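In the two complexes that follow, chain A is the common piece, with chain B as its partner first and chain C second.
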Partner chain A sequence: MKKYISLFKCAVQETMIYRWNFFFGILSKFAVTIVMFYIWRIMFKSNQIIAGYTWESMKVYLFVSFLCTSTISWNAEMSMSKKVIQGNIIADLIKPVNLRTVTLVQAIGNSFFSNLCAIGIMFYCAIFIFKVSLPTDFQIWISFLISIGLSFLLNFILSYIFSLFSFWTSNAYGIATARSTISNFFSGALVPFELFPPLLARIAFLLPFKGIVYIPTSIFIGTLSGSEIYHALMGQTIWLMVLWGISNLLWKQAVQQVTINGG
Partner chain B sequence: MTTINKFISLYIKLMIQQLKCMMAYKMDFLIMLAFTFFTQISGLFFIYLIFSKIPYIDGWNMWEVIFMYGMIYFTEGVINFLFEGTWLLGQYIHSGNLDRYILRPLPIGMQVLATKINLDGFGKILISACMMAKALSMLEVNWNLAKVGMFILFILSASIIRVCLNLSANCTCFWLKSGNTSFAHLIHTFSEFGKYPLTIFQTGIQFVLIFIIPYAFISFFPTLYILDRGEYAVIGLLTPVVALITICITFVIFKLGLRVYDSPGN
Partner chain C sequence: MSLIEVQALSKSYRNTIKEPGVKGAFKHLIHPKYEDKVAVSHVSFTVERGEKVAYIGSNGAGKSTTIKMLTGILLPTSGKISVNGLDPHKNRIENTKNIGVVFGQRTQLWWDIPIIESFKLLKDIYEIPGPMYKKNLEIFCDILGMEQFIHQPARKLSLGQRMRADIAASLLHNPPILYLDEPTIGLDVAVKEKVHEFLNYINKEKKTTILLTSHDLADIEKICDRIIIIDQGTVIYDDTIQKIKGELISERKINALIEDTGNVLEEKLKNLPVTVIREDTNKVSILFSQNEIAAVTILENMLQITGIQDFSIEEPGLEQLIKKVYNGTFLIS
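So, the complex of A and B:
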């Protein structure tokens, strides 16, 4: 356990070395959400309700969507790909640590402070500038926090699985783009599922990505209530376990692949 | 003049070399094209979803927004395809590889621009060109010779502005010395603002998008002019002027950066 904690500390310290990069990194998380804000604002000027959302609830949706997606970064796919191409992956295979846990710890560490700052800024803006209404029910907050924790882990494991594809192709940029596009779309980060055409909505509900944005957001806004929340949380957990298993299988294949081509 | 000729022939040679590299990994190349296509389609799909619920955003219909979207992606494709070297500038500064360029008898800026091509960009250019063509066919445009000429000029100017913005942003690596492209990436994320009509944003943001980081001149004002919308359409004519100004400013920034550059050795 100690070795993972020190890896975490290293990852955090790495981000703080270059202050300006850290600062710019935080700012670049906001651009898309800001643009979305203005688009929805204009749309709600002429319509009171769109797909069951009011301007108030859409603001909350954007806010929570930001919270859930601000932890996404390109680093996992790109660094994994670099290691494979340059052969450094051999060093990681020899070390007495689980590579997946290392990646997770580093992902948390790399994004730790920038997430804190971004989330802090967003909370401030949401409450004082945009006057977003937050739920008062204690139970909702608890289920929301659990859901967000699960969302982060789901986000990580999906990103990790995609990054494993870099054992088979050297195009890390393509993998990262594909993952981010699919994830943004089917997690509900871009648009809530209520706006999807029926067939797409059904597909979206079957996939694990909904656990990244749609479920925590719906809990927060109140679209889901009572036993529905419980089912949603169970869904997130089950998907997490399934994906964890898939990543294990893929990893075994990937390592075999490397052994064959290496030497 | 001979410098320009030298540059162009060198550039073509570099491009061919890069192409040979890419073709060696055919599978990767195809996968990359597929990914690019997929990303573009989902972007379009997003616009379609929004417009399926409401017919207009601030008086703009779907095809007009798609046209602006196309302009932004086209210029992005131009950077990726022809001038990807700008993103590598930070690494070169950090590792001292820039010395190689300084020692060569060609303008350093041009060498930086010619460093890398990314075929991903070609896909973007193709797809966004189709997007724009389709959008224009669905909109009522009063085409005349002058307008066609202006349109070509707009595409050129928009690409120039975008490339200069990117190069200037990457020049921050001269001062920040970390080799990290986070500032350039930040400016790149601002392109999101260029995909939608400028009028939906607040005045402060509009000011930034017009005078400081002129994404408005990449998509919005050219579109206004081509579609003959409103009294501000004539501002579109300023686009080539803005392009010239950005070239000059970028030139100055790059020169200043070189002055500050002291090599970490190699």
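So, the complex of A and C:
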């Protein structure tokens, strides 16, 4: 365990070295959310209610979806694929460490401070500028925190699984782009499921991506209640376990595929 | 049982074949073609504890591939490896505790954080006890001269500094086995000497087994006592360095600066099994085979008829020997 704490510390240190990178990293996190905010505001100028959402609840949706999607940075997602393609994965393979844990710890460490700052700023804006109404029920907060924790792990394991494909494809960018496009759409990060055509909505409910944005957001807004929350959390947990298992199988295959180019 | 046992080890890579041009690229996209390239073929050898082995061969001979299979990174296509009783690929994590690895062309140090932080991380990763870590760090810093740069991040180091730090990093956990893949590539003579000194120290003090690949024969001569040569994926020579020198070449060359005595020297040496090459009126080279005549006998004969101002005996370098092994001009028993 201690080895991973040290690794975390190194990962945190690493991101602080390049100051501008750090600041722009935080800024870029807001860009999409700000664009989305203004698009929706225009839509709500002509409609009071869209697919069951009022402007008030849509603001909350955007706020929470920001929290859910910003936890794993693009860099963290690319780092594993890059290691595989550039061959630096050697440095990890010759050490007594589990590669998935290393990737997870590095992902958390690399985005730790920028997330802390971004979430702080976002809470400030949400409460004082955009006047988002936060839930007052204590139970909702508890379930939301559990759900967003699961959301983070789901997000991680999905990007990890996708990055394992780079053992076969020798390409990182395409895989990461494909993943984030699919994930953004089917998690509900772009548009809530209520606005999907019925068939797509049904597919979205079957996939694991809903646990990344849609479930925590619905808990936060209050669309889910009582036993529905419980079922949603169970759904997230089961998907997490299934994907964890899949990543184990995939890793066993991937590690036989290792070819280190050059040298 | 030997520390490292390699039996009939083979590895082939699958390469894609792309025909030239846009048409070829398009064809490749639809219907890719592959060919299997054999990198290592039926390699067998064993290494005992404490040995210092050079694993050499021309570029692309399969050296690095073998090392990568020994470390457990690559899965062999066929054959068996046992390192300290473990299959390195199957028991990768267990195996990593027994080995230190240096890849000259890559670094395992963190690029952006100080070297000392990378070391501290390794301390926790390998669960190195505090006193052992402290002692090792002290000795390594001393022999490798790392004090000046240990607080710098890896990206700010020169190649020589980085390599020294990498070698130290691979040995902090006192592994019984050390693999070095071209550890002195691109280093200057002074740094190379430090590295040689350090590796010999480690081998002597800690009985660390060293397996090293290199194109630099100084590395091999200064460090190793055994040499395995592979060519096109197969072992073509495996014996001590002394033996390769003695067995393959006993030829010597005396260069002497003598007094001007005309042709008396040639007359005197006529009956000895030597070849005299006169390069100047007072400069001669004498070729002979160590097995047939001792250098002293030749010198005695020379001194009887002429004074010698200066002389040297040249023995063929390992480089020439290995070149001859590659070319197949020497028979190997």
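As a working rule, the second predicted complex is superposed on the first by the 256 of 263 C-alpha atoms of A that agree within 3 Å, B and C clash if a C-alpha of one lies under 4 Å from a C-alpha of the other, contacts with A are read in each partner's own complex, and residues count from 1 in each chain.
By our rule, contacts are C-beta pairs under 8 Å (C-beta built on N, C-alpha and C of every residue); 3 or more make two chains touch, one makes a residue touch a chain.
None of the values given here were measured: they were computed from a predicted structure.
Taking chain B and chain C in turn and counting the residues of chain A each one touches, the greater count comes from B. In the superposed model, A:Q139 makes contact with neither chain B nor chain C. By the touch criterion defined above, A:F24 lies against chain B but remains apart from chain C after alignment on the C-alpha atoms of chain A.
By the touch criterion stated above, A:E14 is placed in contact with chain C alone, chain B being left untouched.
Of the two partner chains, neither chain B nor chain C is touched by A:S225. Looking at the shared chain after the overlay, A:K2 reaches chain C, while chain B stays out of its contact range.
In the superposed model, A:R41 lies in contact with chain B only, and not with chain C. Once the two complexes are overlaid on the shared chain, A:A91 sits against chain C while remaining clear of chain B.
Of the two partner chains placed by superposition, A:N248 touches none, neither chain B nor chain C. In the superposition on chain A, contact of A:T181 is made with chain B only, not with chain C.
Note: residues 17-18 of chain A belong to the chain B contact set and to the chain C contact set alike, using the contact criterion stated above.
Those residues of chain B whose C-beta lies close enough to touch chain A in the complex are 25, 27-28, 31-32, 35-36, 38-39, 42, 45-46, 49-50, 52-54, 56-58, 120, 176, 178, 180, 182-183, 185-186, 189-190, 192-193, 195-196, 200-202. Contacts from chain C toward chain A in the complex involve residues 13, 64, 68, 71-75, 92-94, 96-97, 99, 101, 103-108, 110, 112-113, 117-118, 120-127, 153, 181-182. Those residues of chain A lying in contact with chain B across their complex are 17-18, 20-21, 24-25, 27-28, 31-32, 35, 38-39, 41-43, 46-47, 50-51, 169-171, 173-175, 177-178, 181, 185, 190-191, 195-197. Note for the complex: chain A touches chain C at residues 2-3, 5-7, 10, 13-14, 17-18, 87-88, 90-91, 93-98, 255-256, 258-260, 262-263.
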